C-alpha cells in the first residue's frame, strides 16, 4: 500500500457562533491511500458531506489536521496545487451547474483556471471521456438530463487531471438506470487514470459496488470501519452498522 | 435556410457552435416572451419610441422650438395634431424631439442605478461579515433618506440640467436594487456550482462577476423594467419642481409641468405629454412582466 | 358659502418668514403686518392717490431748516393689549428698527440714523415725536418712508416683556403681533394659514370683517375651483388662463390694481457682449412686449418701460420701445455683431421662464444664443448678488411709497468696484457704473422740497435712464384678484402699500 | 436586540451626517432667505454669524447633534418657527394622509393582487394589471388636479384643498394633530365629516398609488406560494379554492407583505410632496422640500430625521412582526 | 369483490411548443384493497397518474379517460364541487417531501383538524381529539407537543407521519402515496412503511404506492405497475417482480448494484424505441380486474 494521499486527523467542523453553534463533525480520523476508493456512509445529517466540504475548503470553520499528498491544509484557502490535485462532484446535478453557462463554457473556464492550454481539443476529449458526444458541447444545463449533467460535473472535475476525487452522493438524485451508467463511468475512470475516490453515500449497495473500504458515520463521528467483504457478509462489530445493513433491505414485518 | 429549418436549428437540443447555442437560448426566450401578447405590445411601443427618437428630425412636422404667441394654446387640429402650448409651439413636434430626452433619462438611470445596486448588493451578500454590515447600513441610510430630498440636493448641488437630474435619480435609486441583489446573492452564494467554481480556484472577483452577476441580472432587469415608469415620473417630478431639463428642452415631464397651469381649460397641453409618458411606462411595465416570464423562473407559469 | 362676517382669502403665503415689522420683508408677511399694526401716517385704502394721511400721528411739522420733523400723536388710542399708544412707543419702534439692523433698516438709516445715534436723533416727549435728520430731505420722502409697513408702531411694554437677551423681542414678535391695528393675529401656521380677528375697539372704527382667513393655496387651478365652489371669497394668485375661464361667471368679479413691482431685464456690464451699447440698445427691441402682454402675461403685467411704477411721483408713462427684430438686427449688424452666447439664470417661476423663452426665441433670430438656467430663488439671488448673472430677469418691488425707493437702487451706484459690495443696489449687481452726475441727480431729488420740481427731476432721470442704462424695465405688475361678487372695497394696496382688510365689506 | 439597537443608532447617525453634509454642500445660501433681497453686505455678514455658519463644519455638526439629542432642532428660517413646533404640525398631517392612503391601498390592493394571482392569465388578472399599471404610470399631479376638478369642482362630493373647511378651522382642540382622530375624540361629528371630506380625495390618490404597488407585489408573492407543494396538499384535502387561496397561500404571504406595506407606507410619508402641493396639504413632504429650496437646513435636517426615523422604525416593526408572525424565525 | 378504483385509458397532456405533450398515455388499472406499487423512471408519468385521479392536474394540463370510477361511481365528469368532496374524504394523497407539503405557517395540529372537520363536520374539540388520536396512530410519541408544533420544528420522518395522519384523518378508502419515503432515512422509512402497511391490513384501504425503488416495491407491495414513457408496460405480482418479462423492467432491476451479488460493471439499460408504443407485455391488463386482488 502506498502512502496515504489524504489523511485527516481529529477533524472537527462547526457552523455558526456559540448560542446557535452546530457541531457537525466531532473528531474524525481518516486515511485514504493512493488509488483506493473509500466510502463514507451514514444517515442523513451525520456529517458526511461536511467532512468532504471541509477538505475541499468549503467550510471555513474547522480544526484538526488535513493533509493532501503531504500538503497540510488550513482554513478555507487552498493552493492552486490543491485545486489541481483534488476535485469534487456534488450530490445534486441540478444545482451544481451554472444555469446560464453552456457545457463548453463550464469546461473552458475550468481549463483556463487550471492553466491548461489547447482548450478546444481538451474539451472534446473530456466530453468523450465521460461518454457525452460533442453534440452536448454547446448545450445549457436545462437541455441536459440529470445523468448528463452529472457527467458534465464529472468532466469538470476531471478537467484539471486531479488525483483525488471527492464524490458527494453523485448518484442519489438519479434514476437507477442512470445511476448504473454513472457508476460504470466512475469505475472506468478510476481504472484508466488511477484516481483515488472518497465517496459519500447513504446507499450501502452503491458503496459496496464502488469502494474497497468504508467508514460509518453517526452524529458527526465515525462509529465503524470495515471493508467491503465484511459489509457484504453483514459482519460488523457495530450494532449501528448492522442496523443500517438490515434497514437497507426492507422486509415486510 | 428555410423558415422551418431555421426554427429547428434554433430550437435544437444539440447546438453545434457557441453562436448557435446563444442564439438558440435567445430564441427560446423570445418564444416565451412572444406568447405574452401584452409584453409584445410593450416591445412594439418601445421600438416605435426608439425609432421616433432616431428619426425625430425627419418625423417632426415642425420645429420644437418655434414660438408663435398668436397661435398659442390651440386645441388639436389638422395643422397641429396635438395642439400647441403656451408659447405656441407644436406639441407633437416637441413630443417627438422629447423622446430623445426621455430615452436618455430612462437609459442612463436604468444603466447606473442597478449597476451600483448590483455592485454593492452582491459584494455585501458575497463577502458577508463586516463588509456586509457596513454596506447594508449605508444602504439603509440611503433608503431611509427621503429620496426626493436626496435627488433635489444632488440637483441643487450640481446645477439643474437633465444630465444632473438623471444622475441624481440614479444615485438615489440604487438601494432597492442593492437589497434585491444581496438577497439573490445570499441564495446563490452557497450553491453547488459556486462551490464547484471555487474548487477550480476561481477568485472572488471572478465568482462575483462571471458567476453571480449574470444570475442577479435577470431579476434586476425585470425590476428595472417595472421601475421604468417610476423613473420617468421621478424625472418629471424634478421637472415639476423646476430642476429637470432646462427650457426650452422638450422634456416630457417638464412639458407636463408647463401644462399644469392650463390643465382645466387647455387639457391637451398637459395631457399629451402625460399620455406619452403613460404609454411608455405602460410599455415598460408590460415588457417587464414579459421579461419576468422569460428571465425569472420564480412566478413564471408551472 | 363663507360666513357673512368672515373674509376667506386664498393666496400663496409660503414666503412669510417673520411677522416682526422690523424684519418682515416679504409680500405676504407685509400683508399681515399692514393689518396688525398702525403707522404714524398711512394711506387710505379707498383712495390711495391721496397719499399719506394722518394715522397715529395726528399732525406733523417740518422745521424750517428741513432737518427736524415733529409729529404729534393721536390721543386715546390703545394697543390691542390695552396699553396706550404713546409717542414713546413710536420712538422705540423706529429706534428698534435701526438697532436690530435687519434688512428693512435702510428705510430709516438713509436719513442718517445709526444704531449709535438713533436714541438721540429720534426722541419722544409727551405727545410729540421728534426726528432729527442729517439732510433737509423732502418732507414727502420722509413721510412716505414712515408709511412703509416696516415702520409700524409697536407695543413696547408687551414686546419687551417677551424679549430674549438683547433681541428687542425679535424672536417673539416673529410669530406674534403687538400692534394697534384693525386686526389681531389669531394664528399663523406657516405654509398653511394666517387668521386675523377684528379689533373691535379699533380707533378708526371696527372692521366689518370679523375674521380674515388667508389660506395658503399654491395652485391657481385649486384657487379657481375653490372660488367657483364658493369656499373662498378672494383668490389672489389666478393665472391668466384661470381668470379667462372665470370671466364668464356672473358670481365672480375681478379687481384690477396696478402694483409697484417692476419686471426688468438687467444686462450685466461685466459681460463683454452685454456691455456693448449696441447690444443694450438692441435688447430693448427684442422683447415681445405686446405679444407677452396679450398672452401669458395677460392681465398680470402691463408694459412699462421706466423704473418708477405708475402711481409713484414722477412715474414716466412713455413706452419708447416695441418688439422689432429688424431694428435690433440692424443695430447689431451696424455694430458688426452677428453672433454671441449669453446665459440667464432664471428663478423657477412660470412667468419668468416664459419671458425668458420668448426672449430666447427673439434673440435667436438675430444670432444671439440665450442659455436658460432655471434655479431656485435663493440660488438666483446668490448669483445675482455676486454679480454673476449675465442677463437677469426678475422683478423689483418698491419698499415704500416714495420714488427714491426705485431711483436709489436702479440709478444709483456710488462705487462700482467688486470690493464695494453694494449688494443691495440693482445697479451694482449688474455692474452698471452709474455716471457720477446721475448719482448726484438721485441724491438731489431726495432733498428737493418742491414736489413739482421733484417730480420733474424723476421724469428727467427716467428719460436719461431709458436712453443709456443697461437695466431695462419691461413690465409693471397688475393685481387681478378674483372674488365673489358680494365682496366690496377689496384692495391690495395698489402700488404703494400692502393689502389692508379693514375697509372690506360683503354685501348680500 | 442589542445589535438591532446599535444598527439603529448607527443608521440614525449616518442619516444625520448625510443630511448635514447635504445641507452644507448645497449651493443654496440660507442667509439670503433670512436677510432677503435688499440686505447690505454688513447685514448679511451679521446674519451669517448669528446663524453660526462661520464656524468650522465639525463644530457645526457636533453642535447640531448635541442640540438634537436635547430635542432641539433649532429654528426654521423659512417659517420663523422652531422646527420641532413645525414638525409637530406638519408630520401628523402627512401621517394621517399616508395612513389613510396606505389603508386604502391595502384594503383594495391586497385582495386585487390575490384574486389576480388566483386567476392568473384570465381577464380579471389583466384588469388588475392595467389598473395597477395605470397607477404606476400616471403623473400624480395630473390625477390630483383632475380629481379636484371632477369630485370637488363639478360634483362637489368632496371638500377642496386644505385639511378642513374654514368653518371648522381651529374649532377642534389639537390633541394628536390627526384631524380625523381629534374631531372624533372631541365628538364633533360635523367637523369629522368635514375633515373626512377633505382627506378622502388626496388619500385615495395616494392609496391608488400604493394599491398599484401592493397589488403587484401581492400577486407575485401569491404566484410563488400557489405553486408550492403545500397548496397541492390543501387541495388534496378537498378544501374549496377560496380556502386554499386565503387560508393557506395568503397566510404565507402575509409576512413578506408586511414589509412591502411598510415600505409603501414609508414612501408615502416622504414622497407625497406633489400631492401635498396640489391639495394645499401642510405636510412634511412639502415642508422639507420648501425648506431645502430655501437652504433652510434646520428644517431639512429635522424633517429628514423624522422621516428617516419613521423608515427605520417601520423597518424595525416589520422585522419584529416578521419574527412574531413567522413561526420559522424561532 | 369489486375494484375500489377503476382507471381506463387515462391520458394527461400538456400543450407545448412541439404540440401536445402526453405525460400519461392511456393508463388503465384497477385498484382493490391492496398495496399497488407504481414504479418507473423519472418522468414516466407516475405522479401525473396520481394527480389525475384526484383531479389535481394544473392547467394548462388536460386530463382525459374512458372511465374513472370510484366504487362504481364515475368521478371524471363530476363538477368541481363534487370532486372536492371526494378528495380527502375518499381518496387522499401523501406527497414526496414533507418539508414542502405542509403549510409552514400553520400549526401541524390545525392542519390535521382542518382536513378532518372539512369532511366530518365535527366540532373543534372533537376534531382535536381525533387529530391527537391520528397522531398516535402514526406512532408519534408526544402527540400533544407535535400538535402544537410548526412543520419546521419536526423532523422529516415525523413530518411524513404527520402527512399520513392528516390524510387518513377523514378515513379515505384510497391513499395515493407519491414517493412517501424517498426523503427519509432508511430507519425512518421502515417505520413509515409499517404504518401504511397496517392501514391497508386493518382498514382495508387501497394504497397506490408510487416509488422508483424497485426493491422496496417488490418487498412492500402486493402488485406492481411498471411505467415507461406514460404507459404501463407491465403489471406483476410483487413477488414475481424479479422474474419480470419486460426488458425495461428487467433492465431496471439489473442496473441496481447489489450487496449480495457484486459485479464489476453494472448492466446498463438499453432503451428500445419499441417500448414506447409496442404491445404491452400482458394484454389482460386492459381488461377488467387482472389478477392480484385479494
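Chains here go by letter, A, B, C, D and E, matching the order in which they are written, and residues are numbered from 1 within each.
What we mean here is this: contacts are C-beta pairs under 8 Å (C-beta built on N, C-alpha and C of every residue); 3 or more make two chains touch, one makes a residue touch a chain.
Here the structure is a predicted model, which is why all the values come from computation and not from measurement.
**Student:** Please report the minimal path length, in steps, between subunit C and subunit D on the chain touch graph.
**Tutor:** When the steps are counted carefully, the minimum from subunit C to subunit D is 1.
**Student:** Which chain is most remote from subunit E in terms of Cα centres?
**Tutor:** So the chain farthest away from subunit E turns out to be C.
**Student:** Centroid of subunit D to centroid of subunit E, CA atoms only: how many Å?
**Tutor:** 53
**Student:** Centroid of subunit B to centroid of subunit E, CA atoms only: how many Å?
**Tutor:** Spacing between the chain centres: roughly 49 Å.
**Student:** If you average the Cα atoms of subunit B and of subunit D to get two centres, how far apart are those centres in Å?
**Tutor:** That gives a centre separation of 25 Å.
**Student:** Going by the contact rule already set, what residues in subunit C reach two or more other chains?
**Tutor:** Within subunit C, residues 219, 221, 225, 376, 379 contact more than one other chain.
**Student:** If I count partner chains per residue in subunit B, which residues reach a count of at least 2?
**Tutor:** Touching at least two other chains: 156, 159, 241, 260, 263-264, 302.
**Student:** Which residues of subunit D touch subunit B in their complex?
**Tutor:** Those in contact with subunit B are residues 7, 10-11, 14-15, 18-19, 22, 25-28, 120-121, 126, 129, 133-134, 136-142, 145-146, 149, 153, 216, 220, 223-224, 227, 267, 270-271, 273-274, 285, 288-289, 292-293, 300, 303-304, 307-308, 311-312, 315.
**Student:** Considering the complex alone, what residue numbers of subunit C touch subunit D?
**Tutor:** Touching subunit D from subunit C are residues 2-3, 6, 8, 14, 16-19, 25-26, 101-106, 171, 174-175, 186-187, 189-193, 195, 213, 215-219, 221-222, 225-226, 228-229, 231-232, 376-379, 381-382, 385, 399, 409, 421-424.
**Student:** Report the residues of subunit A in contact with subunit E in the complex, numbered from low to high.
**Tutor:** Contacts found on subunit A: 43-44, 146, 175-177, 179-181, 183-184, 187, 202, 204-206, 208-210, 228, 231-232, 243-245, 247-253.
**Student:** What does subunit D use to touch subunit C in their complex?
**Tutor:** Answer in residue numbers: 27-30, 32-44, 46, 75-81, 86, 89-90, 145, 148-149, 152-153, 156, 160-162, 165-167, 169-170, 277-280, 282, 286-287, 290, 293-295.
**Student:** Which bits of subunit A are touching subunit B when the two form their complex?
**Tutor:** Touch list, subunit A to subunit B: 53, 56-58, 78, 80, 83, 86-88, 90-92, 95-100, 102, 104, 109-110, 113-114, 135-136, 138-140, 143, 153, 156-157, 159-160.
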